[in-house]
Amino acid sequence: MQVSSIELDSVSKRFGSVEVISELSLTIHSGEFIAFLGPSGCGKSTLLRMIAGLETVDGGEIRIGGERVDNLPPGARGVAMVFQHYALYPHMTVADNLAFGLRNIGTPKDEIARRIEEAARILEIGHLLARKPGQLSGGQRQRVAIGRALVKDPKAYLFDEPLSNLDAALRVRTRVELARLHQQTRATTIFVTHDQVEAMTLASRIVVMNARKVEQVGSPMEIYGRPATEFVARFVGSPAMNFLPVQIRDRGGLATAALGDGSIVETDVPLAGLPSGGELRVGVRAEAIHVREDGSVPGRVEVIERLGDRTHLHVRLMDGSTLIAEDKGFSRIQPGDTVHLAFEGATAHLFDAAGLAYHARQ
Amino acid sequence: MAASEHIVGRGIGNKLILFTVILVAVFWMLPIAWTLLLSFKPNSELMISTASAFQPPYTLKNYTDIFQSSGVFRWLWNSAVVSVGVTAGILILSSLAGYGFARAEFKGRDVIFILVLLGLAVPEQAVIIARHQIFSDLKMHNTYPAIILPGLSSAFGVFLMTQYFKAIPKDIDEAAMLDNASRFKIFWKVLLPLTIPAQATLGIFSFLGAWNDYLWPLISATKPEMFTITVGMASTQTNFAQSEGLGFLMAQAIFAGLPVFIVYLFFQKYIVRAVAGAAIN
Amino acid sequence: MRKLSTVLLAGLVVTAGAGTALAADKTEISVSRFFGACEADYGSVTDVTKANGECGIITALINKFNAESTTTVVKPEIVEWPGYDQLTARIRSGEPPVISVMHEAVISNYSSRGLLEPLDEDFAKAGIDVNDMTDAARQGVTKDGKIFAMPFDTHTWLWHINMNLFKQAGLVDEAGKPILPKSTEELFAQAEQFKQKTGKPYFISTLANETAFYTRTFDTLLYQQNADFFADPNKVNFSSPEAKGALQLLSDIYTKDYTTKNQDYAASVSSFAAGDGGVFICGTWLVDTYDQEAKKEGVALSNGYAVMPFPQIYSGSPRVWADGHSWVLLKQDLSDAQRASAIEFMKFLWDNNYEWARTGHLPIRKSIIDSDQFKALPFRADLAPLAVNGTALPSAVKLQFSIQDIEGEEVGSAMRGDKPVDQALADAESRINELLANAK
Amino acid sequence: MTDVTLSSARPVAAKRPGGASIGPRWTNALFVAPYMVFYVLLLVYPLFKGIWMSLLQSDMFDDTSKFSGLANYYRLFNDKVFIGTVWNTVLFVVMTVPVFVVIGLLLALALNRSDRTAAALRAIFFGTSVLSVTIVTIIWKMMYMPGNGAIASVMRYFGLDPIAFTTTASLALPAIAITTIWWIIGLPMMLFLAALQQIPGELYEAAALDNASRARSFWSITLPSIRRTMLVVVIYEIVAQFQLFGQAQLLTQGGPNNASRPIVQFIYEQGFRSWNLGYAAAASEILFVIMAVAALAQFFASRKRVEE
C-alpha cells in the first residue's frame, strides 16, 4: 500500500496561444479524496491529465510523493486512471484488461493472478473475468475500469468523470461504493466531475474551477456554505442560489439588504468589508426562503416543482424579479396563488459586481 | 435491415420490384451462362458456328485440357503470390503509417501527411512509364517483388487506416500509456486488434485490386512463367485462339475466374460488410 | 474423377520429365513464339507429320527438336500475337528470350537499335546455305547488309475459294478452275453474278476489330498498279490517283454489299467454313486448315475448296502484300553453349522448313519450293510464284507495324463509309508521316 | 468488500523503462518510415522522373535522349489521335458514371431487404466485380462477336440484322461501357446499400403515417439522406473510369478508327509500341493533371462531408 501526496507547483498549460491553466498551485495530501468540480471546458480534465502525464506541462512542476514527475511518461508516474468512457481494451477479456499493465512492468504471473483475484473479490467481478467488455453492462464496465486501477496499487487514483455514463440509480449506488472503497483504501484520489452532488458526497476537499481558474478550494460544506464567488454559489447546490439586486443599509455594523419591492432581508454580513460603491446583490438559497403567513415579501407563484420531501416554488416578486422558494412536501399552494415569503437573513450572502462573495462572520 | 419493407400496404409493389430485379439478374448472368455453355463444346464445332452450343455433343475435354497445358495453374499461383504479397504489404505498411499519422507525434508529421494525401491524386497510369524504366534499370522485372512493390506505394490504404485510427477513442491509448505500454506495444497489442474491420476492408480491396491489376503486370511480367492470371488470360485471347480454340478459351476463362469467385461466395458476408465499412468511412 | 486424376498425373509426369531433361546437362534456351497454345492436343507429339495447323506443327517441331537434340532443350514461351509490346517491355527489362519469332517487317526496328545479333557467321559455320533462301525471305531478314534472322516462311494474301458456291454461281471453267476477275469491271460483274446466283456475298472479309485486312488488301491493290507509295522511306505518299482508285474500289465493294460485314477474324474464319460467301481474302496460314475441312463429308466446304493468289485486277504487276515469320537471336549475355544451341535450333527449323510449309505458308528455301514433295501438296503449284511476287515494305521504312496499323484504320474507316475516301487518305498520310518524323 | 488492502509483494514502481509518453518524439516517425520509403521511391520519384522524361525526346532503346522543352506537349495538343483519346475517355466517363449512379441506386433500393432472395441477388450483381478484366472481356467478346456472338445469334433468330457493337465507330465505346457496367456495378450498389441502411427506419414510418407515397418518401427522405454517398460514388467512379484501359485494349483495341481508344491505351502504345518514351510520358502528365483535378474535387467534397 503506497500512498503519496501530489503537489502542483505553478503549473501552466497552453493550447497554442490560449493559456488554459496558468500558474496553478495545489497540494493534494496523501490519502485525500479531492474533487475537481466545474462545468465542461473549465480545465479540470486537463489538469487531471497533466497529472497523469497525458498532457504536457508548459510551466511549473508536478510532484508525486515528492518525486518530480512532469517529465516522466505516464506509465512511470505510478498513478492509475479511470476514464469517463472506461477505456477498456475491447478485444481483451476482463482478466487481460486487468493484467495488461502488470505484464508490461514484468510482474510475475502468480502475482498478477493473485492481484486480479483480489481485485475481483473486492469489486465482485469474479464471474466476469473471462468476458470481454462488449458483453458487460455499463456498471460492470465501470467496476472493471476501477479494478484495472486497483490491481496496480497506484500512488494515486485519478477519476475522470467516471459516473457520467451511468444511469441515475446506478450512479448513486456506485457513488456510495466509491466512497466506501476510499474509506477502506485511504488512497490519494483525484476525482474530476461536473456534478456537484458527486463532488459534495465523495470528496474531502473540492477544487471548484471555472474558465480555467480555480474559484475556490475547500471542504464540501465550506463550498456550500461560504461560496467564494457568485460562480461557486450558482454552481454548487440545487436549485441554484437566488440572486436579487439590493440596496444596503446599516444595521449595527451588519448589512441590511432592501429588495426591489422595498422589503428587507437582514443579513449577518459585516458592513465593514463591503465595497462602497457599485451594485450589490443578495444571494439566498431556496431552503432559506420560506412561505409564511407573516412573510414580508409578497409574490405570485408561477411554477410548482414537487420533489416529494419538499416543494420548490418559482415566485415572481412585485418588482418583476423571480426566485425559487421552498415549501414543505405536502404544500397546498397552487400556481397563481399569492404567497408571502420570509428570508433567513443569517444564511444570506452578498455579492459585488465582480461576483466576489461577502459572508456572515463565523 | 430494410427500412420500409414491413410497412403495410406495400406488398404488391415490393413483389413487382423484386420480380423485375430477378429478371434483370437473369440477364446479368446470361453472359456467364453463354460462356459456360461454350466451354463444354468441342472446338471444331464452334469453329463452324457457335450456334451449335445449343445442341449436344458436350464435352469436358476443354477442361481436362487445361490440366495438360501448363499455363493456367502457374498463372493462378503467380496471381495468388502477388495478391497475397500486395495485401500483406499494404496492410502492414498502412497500419504502421496509419497509426503513426493518427497517434504518434513527431516533427513535420502533418506536412508529411498532406504530402501523402496528395499522392492520392497520382494515378498509377501516370507514373507507369517511369516506373517501368526504374525497374528495368534495376533489372528487377519478371520477379515477384517487381509485380508486388509498386502496389505498396498507394496512399489509399494509409489514408483509410489513418482515418480509422483517428476514429478510435484516444482514451484507449491513454489507458495503455498509464499501463506502461511502449509505443509499439500500444500499436500492436492495443490498437491494431481494434482495426480488424478496417483491415478486412483494406485487405479485400487490396487483394481484388492486385488480383485484377492488368497494366503493370502486363509490362513487368513479360515472361510467360511470371504472368499473372490476368495477363495470362490476355495472352490467350488472340484471334487464332478465338477461331480455333474457342471452347478451350472459354473453359480457361471459367476456370481462371473460378477460384476468386468461390472465395467471394465464401466470404461474401465479410466482403459486403467490408465494402459497407469503406462507404461509411 | 478417375480420368481427371489420370490427366493430372500425366501432367505431373510431363513436368517432371522436363525437370530431368534439364538435369541431364543440356543447355536450355528460351524461345518466345506466338501461333497459339495447343499442348493439350500436341503436347507429346514428336512426329511432325501428324501435326496440322500452325500451332500443332510448331509445337510438334519443338517437341521433336527436344527429343532429338543431345545438347539443347528449347523452352517454348507462348505469347500473345503479335506480342511486340511485351517483347519490347521484356527487352527493356534486360531479360529477353534467347530466340523470338518476329515478323520480317519489324526486324529493322530492333536491328537498327542493336537489339539483335547478326547471324551471317553463325549460319556459315552451321552449314546453312543462305543462297538457298528465296529472294523474298533473304531480303526480309537482311538489314543493312547483315542477316538478322532465320526466315521461317513467306506469308501472303490469298483468295480462299468455296468451289461449291462458285459452281453454283457459274464461275468455274471447264478445267475445274475458278474463274477470277482480271479487271475491276470483271470483279464487280462476277461479284454481282455470284450474289444473284447464290444469294450470298462474293467476299468474306475480316473487317472488324483488326486492321490487317485493310492494310494488306490496300497495299496489294497499290502494288498491282505499280504505285510506289514509299519512294522515300521517311514519307508515305497516298495522294496518288492509284491510291484513290484502290480505296474507292474497296468502298464500292462494301456499299454494294459484295462482302460480309462486321466480322472479326474468328467470325470470318468460321463464316467461310460455314459457306457464307465465295471468296475469303486471307492469309496462307489457313490453307491447310481449310483443306482438312474440305476432306470432311457433309460440310459446306466438302470437296469444294480452292485457293489462289490474289488475282491481278489491275494491269500493272502481279505483286502482292507479303511478310514473313522469322526467328531472331536477341542480344544479351549469351554463353557460347547457348549461342550454339540457338543456332542448332535455327538449323533444325531450316532443315524442317518443309513441315512448316504444310500450313500453307510459302517455304523460304528455293530447294523446297522446287521439290516434288512441296509441289505435291495441294494448290502449291498455283501459290509458288508468290515467293517471288510477295512484296514487303522497303526495309528502310521504320515502325512498319505502327504504319500498317494507321493505314489499316484509315482505309477501314473509308471502306466502311465512316470517312470520305480523300479524307481518309489525307489522314493516313499525315498520321504516318508524323509518326515517321518523330521516329528514331 | 472486506479486506481491501492490495498488499503488494514488491513495489509496482519497479518499472521497466519504455512506457510511451506523449508529445513529439523522433522515434515515432519510425511508424511512417517504412511506408514513406515505398511512397518516395515508387510514387514520388517516378512522378518527377516522368515529368522530366516528358521534356525529352527519348527512345526506349536509344540512350541519346535530348532535351526538347515542351515539344512533346505541343505535339500532343496537335495530335488528333491524342485529342481523340481524351475525348473518348471523357465520353466514356459521361456514359458510365450516371449509369453507375442510377442503376447502382435502383438495385440498392430494390435489394435493401433482409431476406435470402435479396442476398442471393446482391451476390449476383456484386459477383461479377471479382472477375479479372481479361475474363470479363473474353465473356463479352462472346456476346458481341458480330458473326458468332450471342447477341448476334439472338438478333438473327428474330430476323434482325446483327448489330456490330465493337466494330461500329459509334457503338464501340458504348459496348465497352456496357461491359464495364456489367463488370463493376456491384461496388456502387454496395455503397448505396450501406448508405440506405444508415437511414433510420423511423423516418419511413413517420412518412407512412403522414400518408407519403413510396415516391414521395424516396424524394424527401431517401435521396437527401444518401447525398453524401452519392457524391462519393460519383467522384470515385469518375476517377476510376478515367483510368479505362483493359476493356478497351482487349475488346476493341481502341478501334474502329480510334473511336474507343482511351488515354491510358495511348500512353501504353506510345511507350511500348512506338517506343516514344518522352511522348508517352507527356501524355501521362496530361492524364495526371486531369486526375489530380478530379481527386482534389474528391478531397474537398469529403472535407465538406466531415464538416457537415
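By letter and in written order, the chains are A, B, C and D; residue numbering begins at 1 in each of them.
Criterion: a contact is a pair of C-beta atoms (placed from the backbone, for glycine too) under 8 Å apart; a residue touches a chain by one contact, two chains touch by 3 or more.
All values derive from a computational prediction rather than experimental measurement.
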Sorted by label, the chains bordering both chain A and chain C are B, D
Between C-D and A-B, which chain pair is linked by more C-beta pairs in contact? C-D
By mean C-alpha position, what chain is farthest away from chain D? A
For chain B versus chain C, what separation do you get between their C-alpha means, in angstrom? 38
Centroid from C-alpha atoms only, then distance chain A to chain D, rounded to Å. What do you get? 55
Of all residues in chain D, the ones touching two or more other chains: 15-16, 19-23, 145, 148-149, 268, 272
Each of the following residues of chain B touches two or more other chains, namely 46, 49-50, 132-133, 176-177, 180-182, 185, 219, 234, 242
Any chance you could list the residues of chain A touching two or more other chains? 53-54, 73-76, 104-105, 152
On the basis of the stated criterion, which chains touch which? Give every pair. A-B, A-D, B-C, B-D, C-D
Given the complex with chain D, which residues does chain C contribute to the contact? 84-86, 88-89, 91-92, 109, 113-115, 207-211, 260-264, 266-268, 270-271, 399, 401-402, 409-410, 412-413, 416, 418-419, 427, 431, 434-435, 438-440
Touching residues on chain B, where the partner in the complex is chain C: 46-50, 61, 64-71, 132-133, 135-136, 139-142, 218-220, 222-225, 234-236, 238-246, 248
Within their complex, chain A touches chain B through residues 49, 52-54, 73-76, 79-81, 83-85, 87-91, 100-101, 104-105, 148, 152
Can you check the complex and tell me which residues of chain A touch chain D? 1-2, 53-56, 72-76, 78, 102, 104-107, 111, 115, 118-119, 122, 124, 150-155, 177, 180-181, 184-185
The chain D residues in contact with chain B across the complex are 15-16, 18-32, 34-36, 38-39, 41-47, 49-50, 53, 107, 110-114, 117-118, 121-135, 137-143, 145, 148-150, 153, 182, 187, 190-191, 193-201, 203-205, 208, 214, 217, 229, 232, 239, 242-243, 245-246, 250, 263-264, 267-268, 271-272, 277, 280-281, 284-285, 287-288, 291-292, 295-296, 298-299
